Amino acid sequence: MYQNQEWMNESLFVVNNLWILVATVLVFVMHLGFSALETGFVRQKNAVNILFKNCMIIAIGLITYWFCGFNLMYPDVNLVGLVAKFGIGDFGLNLPAGDDGLLLYAEGQYTYYTDFIFQAMFAATCCTIVSGAVAERIKLMPFLLFCTVFVSICYPMTGMWKWGGGWLDSLGFYDFAGSTIVHSVGGWGALAGIILLGARRGKYRSDGSVVPIPGHSMPFATLGVFLLWFGWFGFNGGSVLSADPGAVSLVFVTTALAGAAGAIGAFFVARSIFKSYDLSMVLNGILGGLVGITAGADLMTPGQSILVGLVAGALIPMAVVIFDRIKLDDPVGATSVHLVCGIWGTLAVGLIGSQAGLGQLLAQITGIAAIGVFTFSFSFGTFYLIKKVSGIRVSEEQELRGLDITEHEMEAYSGTVNVAYDMAVE
Amino acid sequence: MKKIEAIIRSSRFDEVKAALSEADINFFTFTEVKGFGKQKGEHVVYRGAVYDVGYIARLLIQIILPDNQVEHAVEHIRKAAYTGEIGDGKIIVTHIEEVISIRTSKRNEEAL
Amino acid sequence: MYQNQEWMNESLFVVNNLWILVATVLVFVMHLGFSALETGFVRQKNAVNILFKNCMIIAIGLITYWFCGFNLMYPDVNLVGLVAKFGIGDFGLNLPAGDDGLLLYAEGQYTYYTDFIFQAMFAATCCTIVSGAVAERIKLMPFLLFCTVFVSICYPMTGMWKWGGGWLDSLGFYDFAGSTIVHSVGGWGALAGIILLGARRGKYRSDGSVVPIPGHSMPFATLGVFLLWFGWFGFNGGSVLSADPGAVSLVFVTTALAGAAGAIGAFFVARSIFKSYDLSMVLNGILGGLVGITAGADLMTPGQSILVGLVAGALIPMAVVIFDRIKLDDPVGATSVHLVCGIWGTLAVGLIGSQAGLGQLLAQITGIAAIGVFTFSFSFGTFYLIKKVSGIRVSEEQELRGLDITEHEMEAYSGTVNVAYDMAVE
Amino acid sequence: MYQNQEWMNESLFVVNNLWILVATVLVFVMHLGFSALETGFVRQKNAVNILFKNCMIIAIGLITYWFCGFNLMYPDVNLVGLVAKFGIGDFGLNLPAGDDGLLLYAEGQYTYYTDFIFQAMFAATCCTIVSGAVAERIKLMPFLLFCTVFVSICYPMTGMWKWGGGWLDSLGFYDFAGSTIVHSVGGWGALAGIILLGARRGKYRSDGSVVPIPGHSMPFATLGVFLLWFGWFGFNGGSVLSADPGAVSLVFVTTALAGAAGAIGAFFVARSIFKSYDLSMVLNGILGGLVGITAGADLMTPGQSILVGLVAGALIPMAVVIFDRIKLDDPVGATSVHLVCGIWGTLAVGLIGSQAGLGQLLAQITGIAAIGVFTFSFSFGTFYLIKKVSGIRVSEEQELRGLDITEHEMEAYSGTVNVAYDMAVE
Amino acid sequence: MKKIEAIIRSSRFDEVKAALSEADINFFTFTEVKGFGKQKGEHVVYRGAVYDVGYIARLLIQIILPDNQVEHAVEHIRKAAYTGEIGDGKIIVTHIEEVISIRTSKRNEEAL
Amino acid sequence: MKKIEAIIRSSRFDEVKAALSEADINFFTFTEVKGFGKQKGEHVVYRGAVYDVGYIARLLIQIILPDNQVEHAVEHIRKAAYTGEIGDGKIIVTHIEEVISIRTSKRNEEAL
């Protein structure tokens, strides 16, 4: 539909670009979704801390992506050129002059700035994923330091391998909107973090049994999941990178159905394993379905997307149990959702849908492995270094009293007691 | 003067309140408390792990009464709070030396 | 403006389709709105239950609409053909090949998949309406069963009568975006449910007086109403089924003003009847205004839309009082908002606006009655059957302790007490 | 790009108009953002009151803007004509006939109704700003009266000076999306209000020290800030008044980066002044950055927008301390965010970016001063009058017990205690 | 040793605290409780139905004191908690057998 | 019969519970209370202003026991609740006249 001569059409350019901008806003709202979900899933005494971290992550993510991330991920020069460029202090954005940054920038699909801001919203996502997994016990400043490094170097590097036209792209690795490049990357970072941090105090008894530590607000967690689903239409839909009616509407259908199927998969598996209707599993199931479809949202029929979502949802309760069995403590289930379902979704492209096939499957496995090894090593190394230098875990006393009081000297909910107004107005 | 403290099931509060009112006792103070006892705590499942919160939420009712009304009140509370299942709770009677009404400065019987 | 030869315009097609997709996302967010509103209006001990139901409803709604609902509602064959089609197991979607599913599908307004996903978001809405009304006392699995049947059969049937080009459409019945076809349908289902369920324990005293059972979080309820209003711009605006500037902007104006007028109507009536500034009434008033304008959002001038909204808002406090007087217990006011104001809005098309007239009024009454009788009977029958087979109401003990603990073994807000972390980390 | 002959292009018109409508929806959601932020920042006992006020403000704002505000702000006649028009009772909207209200209305950028509804969403914003600052002590009905007057007369008047093509516009005053015309206007109204009201009981001790009165829910406040940021993409992006790809994408980039930089500026300054990681400061910092960039969002490069945001964020903690020192009690920091950063942002246009220069700076100062003097006097006068007639402050008893119980006879969170269900079902 | 329990209006807490501090009593424990008494409960309207929550939120202050300071303390509390309106609350004095400081293992007067 | 009231740090709850269980005491009631004492309250910073909430959240454990078990129980609680830092809390022993089991109507020792 978009033949070469057609994309010079002014109106098409305006509408294509508009859609990416609207999608940008939707992806932005995912940060609120993550914040709400993570806040709901931690204990009350750590709620301010997780909110604070999420506010800073989006700020750091946007600024560093402007500073160097975007250029690293989509280099218009080769590696040597890039080093030279940064070497002479040429950070920030370089708007191509005139129509080169507008109509001609991406064959009439979006402008240079649109490209930047859409990608920038994705970037911060990977840190937010880490933030949930390491919650309730990580020190604030070391975590923010990790995020800065992770989002400005690690994420753009692997992103470049595929979306920047790097070697994985040449190899035929397929990842439509980032099951691996965004979600698994976050998941690997999370995994490195929780291994080095250790479990929250009291999570695992000496006899190996698991003590659940319920999140403090299910309504907030549910709010977060719905907002994430809402934003996911922009995450996947915007990744079409134009407003092509056929492609975007298909992606909407597969995204919606996979999320729904994720809920149903998690519902049935959680019910049969745990004999309970566990809301937290259904919530994670929805997210699992969404992460799962992300790699191949444009390759699946609606029926296939349901299959991908069902499997992803079903994986969630099992993954949660397994991570708990090996004593990897993840308060919000980020590794189950983003890492496990991210891998599943990327594999699914080789198994189901219009590009399924052995060759594709091998490419997918290569991509998963390469990015996994790199990201995990990078994150583990970074966390390890920070741990050696300044420590990454709060003291037991701080953990017990909560990070809100000990790191922020604030409470998430003040004055819930009747006496409060008097205390405050003495 | 005596103080009656009754630890009861939250779900029997209305019945106890009604019974007290029948016994002409309309003044009392209550708090939510948590109890460990023979009755097992609430069973909670979260992310696949089972979890016994251990305690059960209960209400503690406190009533100040002249000595002669105590037996009567205890009987009323007991009947109203009774279900027969494990976990019904206890009623405790203590002697108090003095009660003063803040508003009237009156003491003991007159303070009520 | 959209003459035959013009709609072949590629760019127009892309922008029209884009708007329906954006509207789809907005309608999606209404499910979050409903969840938040209902959660805020129930007691804390039932909050997880209502959130769980809302998560499952959207999942079930999307999947069943894919499975059969869409084909039932917009059959491209006659009834016999449809039975035959389903008879041979031909469920799911059938994407028309090539441009037939794209540019040619709806005269350049949207694609086949866009059509499906926009309609699918509407479908689940009617169940969410029921969910609120029957809250705090209905059993989980029977309710989910009801929803599945309701959304996959009942809703598409009556929807077909009008939007699928059925007999009500031929009759001249007008319902722009679904005051009757979506909202009243949900309202009738809710009515059937609350009749068969009975009131919550303790709601009505033996002397006939009403014991209010306040919702546990007004902030959450308000959040829900604002999100519903937000989504309603997609619900009504998307129902234009193209991005026609004149029509969509008019619909935005009438939708916004009717919601605002609904607040004002409810404010004054609640103030004069109850002598209080009741937030829950203003919230319901906004929704009433929005439901009211939905049937004729494209037929009213701004001034007329204010009138429609004012009346709808004013109806709310009265309807709430009347339902309470006849002991129909509806924790969230769904019947007042969706049934009463849905009927009002549908009638209003015959009374006010560019199509007002006796003929239209009669058509409107016919439509309201036909859909009312069918939906109420269907819902009553279904609920009745389920009641006979498995029961629909939880035990008194469960109701007293709350559905969160008894159906889900979870609490909505854990660890609000200081001791919680110790309990959990023993 | 939009030469005269081109804007007659039908498709461009549709997409331009669509963007303004989508932006309208985003601006709408800012009202939810304000509601959530203000609710989170007040004490629990006043939460219903602030929610109620926010619901009424948007309702009153929309209706009065329809009634007279729009005509006042964008008069198609001169002052005499306007008085005559209103004199003969000609209120409400007057849709230009045919294409004059459509394609020809704004050179193919938006329709008459789109223009109205986009502007209407802005209007109510200024009252919401006041609402937060005067929270926890103002009487309900006098406040609603003030809002009605403020939004139907004061805001459109100064708005007309610039956006209605009035004298400030001729002078060269520049305010892209309303740092001054919307935010500072709200801030001046807030300032007048808090001066006349006095501080909340107990906020300042006789020895001059400040007693903090923490807001009751940081999660809700954070939710509000993210929703405001979300909506701001529509606020600024829509102010381009077309979907011009270059302009809108630039505005998106500057808006996102300024918000992020605001967080970072507030983070560092709050940390160095207060030695703490204060979430409420970072939240206000984000908003400060957003308010700051609003005046020149289309004039700054990305790097410059970061500078504007950093300064705005850094101003926040200082402004909060200064306002507290002069005993002006503002529970949500509205004056710091909207007034101080609004002024900064407007000045910044003369200091940084493509229009910086002495002439521009003088024009900016003139505009700030003129609008400040007018709005402050108007608000002070109105509040003063209402204070004389009916009083504006609740009694000490009411303040102590909270406005929820004393003005609304409701509680924000009912039944948080276990006994609640019994109390309610006696 | 004695225990003073004072059921007071939440709104008088600061005054009582100040008065105790004047009487050199800086150590005490308090809880939120709910009281039924002559004062009517909070009046709530929800969705058109009027609703009396019945109880009123109050504070219960507990202080352990040597016998000789009791009368003095009671007087201070009474004055500070007084408004004269119905609902001012009660002060209760009980005898306690022993108080032990967990930190020092000291008993009675020395435990404070 | 006696009543033991122990005001302890929230963070020592589990230890105390375990110690009681060792002493074969599995039944008790507890509440969250707030304490003013030598230990300073939580230090809070909000919008630039520093704020001492004054009190510290603590737990009040109440146990009804036959006279002969009291000394034993007190010892166990004291050890388990001990940290040595200021703020460990107090244990209070009171005489009670009677305790009645609601379920069995039995009194005193038999009521437990």
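Letters A, B, C, D, E and F mark the chains as written, and numbering starts fresh at 1 in each.
Just so we're on the same page, contacts are C-beta pairs under 8 Å (C-beta built on N, C-alpha and C of every residue); 3 or more make two chains touch, one makes a residue touch a chain.
Remember, predicted model here, so these are calculated numbers, not experimental data.
> Considering only chains that satisfy the touch condition with subunit B, which of them also satisfy it with subunit D?
A, C, E, F
> Taking all residue numbers at the subunit B to subunit E contact, is the shared part over half or under half, that is, same or different?
Different, since under half the interface numbering is common to both chains.
> Between A-B and D-E, flag the pair that has more C-beta pairs in contact.
Result of the comparison of A-B and D-E: A-B.
> Between subunit B and subunit F, what's the gap in Å when you average each chain's C-alpha atoms?
Roughly 18 Å, centre to centre.
> State, to the nearest whole Å, the distance from the C-alpha centre of subunit D to the C-alpha centre of subunit F.
Spacing between the chain centres: roughly 51 Å.
> Provide the list of subunit C residues touching at least two other chains, using ranges where the numbers run on.
11, 15, 18, 22, 211-214, 217, 223, 276, 278, 280, 400, 408-411, 414, 416, 419, 423-426
> Hey, what residues on subunit F touch two or more of the other chains?
As it turns out, subunit F has residues touching two or more other chains at 11, 30-32, 34, 44-46, 51, 55, 94-95.
> For subunit C, which residues count as touching subunit B in their complex?
Interface residues on the subunit C side: 400-401, 405, 408-411, 414, 419, 423-424.
> Spell out the residues on subunit D that touch subunit A in their complex, using ranges where they run on.
1, 6, 9, 11-12, 15-16, 18-19, 22, 26, 43-45, 200-203, 205, 211-219, 222-223, 225-227, 229-230, 233-234, 237, 243-246, 248-250, 252-253, 256-257, 259-261, 263-264, 267, 276-280, 282-283, 286, 301-303, 306, 400, 402, 416
> Spell out the part of subunit C that touches subunit E in their complex, as residue ranges.
Residues 209-214, 270, 273-274, 276, 278, 280-281, 317, 320-321, 324, 333 of subunit C touch subunit E in their complex.
> Would you mind writing out the residues of subunit D in touch with subunit C in their complex?
Those residues of subunit D that touch subunit C are 10-11, 13-15, 17-18, 21-22, 24-25, 28-29, 31-32, 35-36, 39, 47-48, 51-52, 54-56, 58-63, 66, 92-93, 95, 101-103, 110-114, 116-117, 120-121, 140, 217, 220, 223, 407-416, 420-421, 424-426.
> If we count contacts the way the header does, which residues on subunit B are in touch with subunit C in the complex?
Interface residues on subunit B, with respect to subunit C: 11, 34, 42-46, 51, 53-55.
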